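Same chain, two partners: chain A is paired with chain B first, then with chain C.
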Partner chain A sequence: MSEVLYYFLGFTAIYILMGWALYLPYRVGQLHFLIVACMAVTAYFGGFAAREWGWPFILLLLVGISIGAIIAFVFSQAIGKAPCFTVVIVGLTSVFIVKTVIENWELLGGTIGFFHIPTVKYLLPIIYILLLIVGFLIYKIDHSRLGRAASVVFVDREVAVSLGIDIKKLGMFFQIIACAIAGMAGILDAFFVNSVSPEFFTFSMISYLMCILFVGGYTTMWGVILSAFILQGIPLLFPSEVASWRQVIYGALLVIIILIRPEGLISRKMLWGLKPKFSFNNK
Partner chain B sequence: MEIFIAQLISGIALGSIYVLLVTGFNLMLLVAKIIQFAYPQIVVISMYTCWGVLQLTDNKFLVILAGITVSIILSILSEPIFRKITSTQGVDINASFIASMGMAMIIMDVMSHSINYGFPVAFPPEWIGGNLLSFGLITVSKGQLYALMGGIIAVLIFFYLLYRTNQGRFFRAIAENRYAACLVGIPIIKTSIFSYFIVGVLGGITAILFSMLIGSASPWLGEFVALKMLAVSIVAGLGNLKGGLFCGLILGILEAMAMGYISGSWSNAIAFVVMLVIVLIKPQGLFGSRI
Partner chain C sequence: MKNKFFRSFSLPLIVIGMILIFSFNIWGQEVVVDEWRIPFLNCVTGPIASIGEYMSWSANRAAEEINAAGGVRGKPIKIEIIDTGVSKDKAMEEMAKVVDWALVVMGPVPEACIMAAVPIAVKAGLFCMISSTSYEYTVEYFPWTLSWYPPTEEKLPPITAAWAELHPDMKTVVQFVEYSIAWPPMAKAHAIGLESVGVKMLKDVDVPTDAVMFEPLVLKALAQNPDGIVLTCSPEKAAKIIIELEKKGWEDKSKILVFSSADDTALYTTGGKSLDGISIYNYINLYLDDPRWQAFREAYKKDHNGIEPASLSTNYYDSVYMIKEAIENTEITGDPSKLGEERIKIRDYCRNVKGFKGIQLTWDMTDGVPTGKGAFLFVLENGEKKFLAATK
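Let's look at the complex of A and B:
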């Protein structure tokens, strides 16, 4: 496999995981950027523990998931049912605080980054197996009572309360699952690139994740897959002069999609239209 | 004590810039019902315009005019986009936030590609002005004084407009109840466009004062400022104009104090930690949300 294809497939899978991590809390109307802070924390922890303490990859994967879930649990006590923009600002400030701590911590390589993280054999197939497992879990959540409850909360919180849905618990559940996925993505990213840099966890990454979610479509989990492949492929498909303007392209895509197709490329209505229609009259 | 006073003056000057930013942001939120996350990027591009004009001429009037004009143009250009979003999707604040994030990405990337090869720009000393007063460690620069005075005057004029004129009554009526305002004959679209104009003027003034205060601009400045503006607005309570005044000023002072007593790179983080704690304790903001 060529190096370009290898990295394309690896990064796309990691971004799909992160896109799903953003998609889940948005089911209840919360833009949860804390996932980026969780990814940064676990990427650095995973890299450091593997290089300095020799911790195995599988153990770190479990620790990464746990760290993400614990961080989310602590924060979700306060923001489990908070309005969207309170959650946004908690996420954005957390990313900035984590980044500042990393940049000022010499042990983690400061602004330069942390390098020489050990390699893991067959990492790409492992990433895709994990992607399938996470995808299956999200599919199951989406088609469960929890998923339907989340849809009601998204449309109308007052109706959800009158139906007996505990908005805080539901929000906490989605936030914890999202941060656990982000924690896993952080470990995978550290081992995939063999290094971690604070420059990776910036506003650009948050914007990119927003693009993945909203260009693909925020009403189903499939939109994230489609847009991650498209957006990740843009720099490869176009000449380098055009690809260097990818932030402009992503930004323009985001504005255009909100204007002409607010639900994104793949919407729930569209999927219903694709389902085979059964009728008792048909023979 | 000298450091404390020096940092307090610097903090109030910085705080007045945040107050201007949050006021413009809240006006958009209340009247146009949008989250204009790209507003600080418009301010930064106006700062770049001022820098560009300063390369051509020393005429300060032209520089100020250019900065304000660019801000007004960019603000009004964004109006049809937001109007389309709010008209097709009802009043969806989330959608406006996403679209404005896209705009912020475009403006930031254009600045980092096209202007000064992406490097930060420095304003000439004659624009910033030297030190006005100096007592031991306490120094008050002209930039600080301009930011402070300019901020106070701009906010006073804005609040006069809001509470003492017909146009201000229209603004407040729309903020209170859009449909009721429409029923009593207030021109919603015209008033909304006028709010974009006012925000453009405020953005231009902010850009000029900010460039005098910090003396430089970079493509990434808007990102930090946007984060602070949104944080102040949420800590105060979304759409709460008076709360925004108080919290903007406090953030400036807090940041300046942290800068004076703690290492520079940690000072921003300290301000963010404080805001994060407040948001976690009071998710609806200190003064209550008006949305």
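Let's look at the complex of A and C:
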């Protein structure tokens, strides 16, 4: 496999994981940027523990997932049922706090960053196996009572309450799963890039993740996959002169999609429309 | 008869022999490429695109000069600017594209892209000519990189010490520090230099990366009653702090020192007349009496609306010339079958080049670290830099 394809596939998978991490809480109407803070924390922890203490990758993966879940659990006590705006503020603040702590912590390389994280054999297949597992999990959640409850909360919170849905618990559940996925993505990113820098976790990452979610479609998990491949592929498919305009292309794409297809490229309605054509029961 | 035969044929035989010798290029390896393609992973879009622009400009200028003078071993050199867009994944993907064919790569720029993409080059045995960052970043990937500057703690203390010595009455200094990339280590080095000549460093004032209001920061600094101020922050913020200091009644502007990374267009466009009288250090001497430099300076000003060359503007110009020298002096052929060994030849040449004639000064490299590279201290007067001191 060519190096370019290797990195394209690797980053696309990591962004799909992060896109799903953003997608899940948005099922209940929360834009949860705490996932970026979780990713930064676990990327640094994973890099440090692997290089300095020699911790194995698999252990770090489990620890990364746990760290993400624990951080989310603590925060979700306060913002489990908070409105979108509050969750956004908490998320952005947490990214800023984490970044500031890292930049001032010499042990982690401060503003310079953290180098020489060990490499892991067969990392790309591992990433895709994990992607499949997470994808299956999200699919199951989406098609469970939790997923249906989330759809009701997204449309109308008061109706959801009247139906007996515990909005806080549901929000907490989605936030914890999202941050656990982000924690895993942080570990994968650290080992994939072999270095970590505070510059990796900036506002541009947040806007890129939002672009992935809203271009692909926020009503199903499949939209994230499609848009991650498209957005990551743009710089590769076009010549360098055109690829330099990718920020503009992303922005324009986002505006066009919001105007033409507010629910994104793949919407739930669209999937329902396709379903009978491929159903074996529809004879 | 025999002698006559040899006499009549000796001259043509010698000529034919010489032609054969030159055609098989017995003394030198033959170049197999039509042009020398040098990829330059630079940031030409994104938040620091202005820096990327002049780095590209200077690399292209060097290539134009070299090509006008006959190229490198008879072939033209072509700088292929590849945009990293300050994105780590873009930088990695672009590096992955060039590791298959490039003899040497310039960049990546900036630091986040170095951290992400250089490991790929290291794995592939590709030398990265990184000329835009501090020693602390490049040393991590030795010997597959070189450092354009000596270690920060060796390079900077003499210049701040020289500044302090020009102001013997300056006993206390406050430093504004923005926590970004390589700037905190630079701030530390500034303090070492000042303390070495007996200046007391007061408490640093942190400049948030997203700061828009500078009055509180300036008040915090002035509350300590400093005699001098060092600005280790982005150009725009440095300019705004100076404006704010002026509003608060700061009079002796020569006791404000702006660090090299802030010596950029944004400093001058934002600061305007408020900058008059401030001290600034960087790595280029604008008034160097050298025709090559003056031609570069004039061309730069012409293409940049009259603005003087920025502090980092000559780095990739010199890099292109260093690569040219390496190709010529190690007889690089560009033959893809020799890619690995020729990359190593270029690497070893550049990392230990002696007496390299840069556009500003001549220096040596020892195991990837330069010696004899100092900094220049200036005072700004009516928008022009006046030379004050130089360090080695």
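Basically, the second predicted complex is superposed on the first by the 276 of 283 C-alpha atoms of A that agree within 3 Å, B and C clash if a C-alpha of one lies under 4 Å from a C-alpha of the other, contacts with A are read in each partner's own complex, and residues count from 1 in each chain.
Here is the rule we use: a residue touches a chain if its C-beta (ideal position, glycine included) is under 8 Å from a C-beta of that chain, and two chains touch if they have at least 3 such contacts.
Nothing here was measured: the structure is a model prediction, and the numbers come from that model.
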Given the superposition on chain A, are chain B and chain C in a clash or a fit? clash
Check the residue A:Q247 against both partner chains and state whether it touches chain B (first), chain C (second), both, or neither. both
Tell me the contact category for A:P118 with respect to chain B and chain C: first, second, both or neither. neither
Tell me which partner touches more residues of chain A in the superposed arrangement, chain B or chain C. B
Going by the contact rule set out at the top, does A:F8 touch chain B (first), chain C (second), both, or neither? second
If you stack the two complexes on chain A, which partner ends up touching A:S195: first (chain B), second (chain C), both, or neither? second
Quick one: is A:G147 in contact with chain B, with chain C, with both, or with neither? Answer first, second, both or neither. neither
Contact-wise, after the overlay, does A:E103 reach chain B, chain C, both or neither (first, second, both, neither)? both
Figure out whether A:V255 sits in contact with chain B (first) or chain C (second), or with both, or with neither. first
Could you tell me which stretches of chain A are touched by chain B in one complex and by chain C in the other? 100, 103-104, 204, 244-245, 247
Which residues of chain A touch chain C in the complex? 2-4, 6-8, 11, 100, 103-104, 110-113, 115-116, 193-197, 199-200, 204, 232, 235-236, 240, 243-247
So in the complex, which bits of chain B are touching chain A? 35, 81, 84-85, 88-89, 92-95, 97-99, 101-106, 108-110, 113, 220, 223, 227, 230-231, 234, 238, 263, 265-266, 268-269, 272-273, 275-276, 279-281, 283-284, 289
Contact footprint of chain A on chain C as seen in their complex: 44-46, 80-83, 85-90, 92-94, 96-97, 99-100, 111-112, 115-116, 119-120, 124, 136-137, 140, 179-185
Per the contact definition, I'd like the list of chain A residues that touch chain B in the complex. 29, 31, 75, 78-79, 82-86, 88-90, 92-94, 96-97, 100-101, 103-104, 202-204, 207, 210-211, 214, 244-245, 247-248, 250-255, 258-259, 262
